Amino acid sequence: MKYMCKTDDAPLTLDSINEQLQMNPFNSWLRLRMIEGNGAKAWFELPWREEMAGAPGRMHGGVLAAAIDASAFWTLASARGIRGGPTLDLRVDFHRPASGTLLLAGEVLHSGVTVSTIEVKVWGTTNTLIASGRCVFVGRRVTSS
Amino acid sequence: MKYMCKTDDAPLTLDSINEQLQMNPFNSWLRLRMIEGNGAKAWFELPWREEMAGAPGRMHGGVLAAAIDASAFWTLASARGIRGGPTLDLRVDFHRPASGTLLLAGEVLHSGVTVSTIEVKVWGTTNTLIASGRCVFVGRRVTSS
Amino acid sequence: MKYMCKTDDAPLTLDSINEQLQMNPFNSWLRLRMIEGNGAKAWFELPWREEMAGAPGRMHGGVLAAAIDASAFWTLASARGIRGGPTLDLRVDFHRPASGTLLLAGEVLHSGVTVSTIEVKVWGTTNTLIASGRCVFVGRRVTSS
Amino acid sequence: MKYMCKTDDAPLTLDSINEQLQMNPFNSWLRLRMIEGNGAKAWFELPWREEMAGAPGRMHGGVLAAAIDASAFWTLASARGIRGGPTLDLRVDFHRPASGTLLLAGEVLHSGVTVSTIEVKVWGTTNTLIASGRCVFVGRRVTSS
């Protein structure tokens, strides 16, 4: 199927990550885009549009949760070369109403033999913390063929 | 704005809840629908469609999280007459891959003076537990005018 | 060491579970005791004493969290014969102040190949819900020798 | 009662915070001690002793959870002058086995009108991340008399 994630170990460049993000139907709907990654952290941009609203002009908490989930997955992949399995658990604290383009900053808190824990902070345009989330993945390292 | 939640205290019938669910842009995208409520619990149906996928044929965890968030909100409203403010925090444990139409069962765990905690279980078509989540709301009782 | 958990597959009777609970130094401090288990759920009793307080006459939230953690571990062991590894994550919602002897009811929400999720509800003497928690364990089935 | 928290607005010096920590029976059992606070973050020390064990030489996850809860409370008080009500919810991710003296670093993620969210990271002696937790408090600002 055309939107299946690549499971080979092709180098994860910013372009290849964004290409794979777009192959995932719901991430594609989100138009989430990775904008930078430095081997430890990764940053993503989530543009606002009206159908994401949960209240007038405010992003639905579930859309934020989905963007956190996807950002966490790709933070782990780009920072550690670990492809997370399905998310094990997801937690989001909503601090302020979200509107406009958002910046998501992902960071690997811990990556162990069995599971990895990723923290994602969501920042608004005026540099305010909108939400902060965590995802736990059962992951496996992408091995060379 | 036309999709703003009604804040008056019109009786919350199944029809009026579903009407309000549809006025929320992202809930409308989800096509989430409340199918029953008995004053203590509430049940919702989430139909599958391809653009909800995170992997081929499997619902994106974020879409599930969003449906849990919305179901929790309307469980609290229908069961206790409390209109939650924005969700304070959301947690989801993903137990199994989700596909097909899902049934979400919401239950008020506790509804106190300041906050309310709602549990939502997501069931698949073969009666298997797909995910289980919790939402905490700062809520206020809908008072009579 | 005398308080190490037994890792053999001796049948988990109520007596053997309570014996093992007591071999764990902090569980022993808690005086937590399993009172019933039926293969799907398990019940535990936590007696109050003054040094557990976080405020006068009220149990410290951390003591409750510890009792939830231990109850979840032994619910999984008694209900499914799975010995959880170290707890992966723990979450507690505190609903009401806790005082007096508490009853903890553990239930396996899901037990998969890799991880198991356990829910624990804490009930007060007047049948009020004090707290509700969840623990995720990376577990391995206790195999016959 | 002698261990009740002071509710007046006496300046929160390191000494007064540690004095109040010790008046709380279970925090006193923990021997948790605040070692520094700078108006935004706070650091605490938790000395190891045998009765804290959940397995030989390893701290019980519940003891860690309790120390995270107490550290979060006093991080909020010292950093923002907000006295949290009872903890609303507590979440802990356990990353590595804990042993020896631990350092807990608390940080206010968000402090709003109604609730405050505090993050606490637990560091081991070899500068490894042992656990990371979050607490949500319904708090009220300590006002001048």
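We call the chains A, B, C and D, going by the order they appear; numbering starts again at 1 in every chain.
One rule holds in what follows: contacts are C-beta pairs under 8 Å (C-beta built on N, C-alpha and C of every residue); 3 or more make two chains touch, one makes a residue touch a chain.
Predicted model, so just to flag it, every value in this text is computed and none were measured.
Counting the residue numbers that touch the partner chain, chain C and chain D have more than half of them in common. Most remote chain with respect to chain C, judged by CA-atom centres, is A.
Taking A-D and A-B together, the chain pair joined by more C-beta contacts is A-B.
If you average the Cα atoms of chain A and of chain C, the two centres end up 34 Å apart. Taking each chain's centre as the average of its CA atoms, chain A and chain B sit 23 Å apart.
Rounded to a whole number, the gap between the C-alpha centres of chain A and chain D is 30 angstrom. Shared interface positions of chain A, defined as residues touching 2 or more other chains, are 88-89, 91, 93, 136. Those residues of chain B whose C-beta lies close enough to touch chain A in the complex are 1, 3-5, 24-27, 29-30, 50-56, 58, 60-63, 65-70, 86-94, 97. Across the complex, chain D is touched by residues 91, 93, 95-96, 109-110, 112, 117, 119, 129, 132, 134, 136 of chain A.
Note for the complex: chain B touches chain D at residues 88-89, 91, 114-115, 136, 138.
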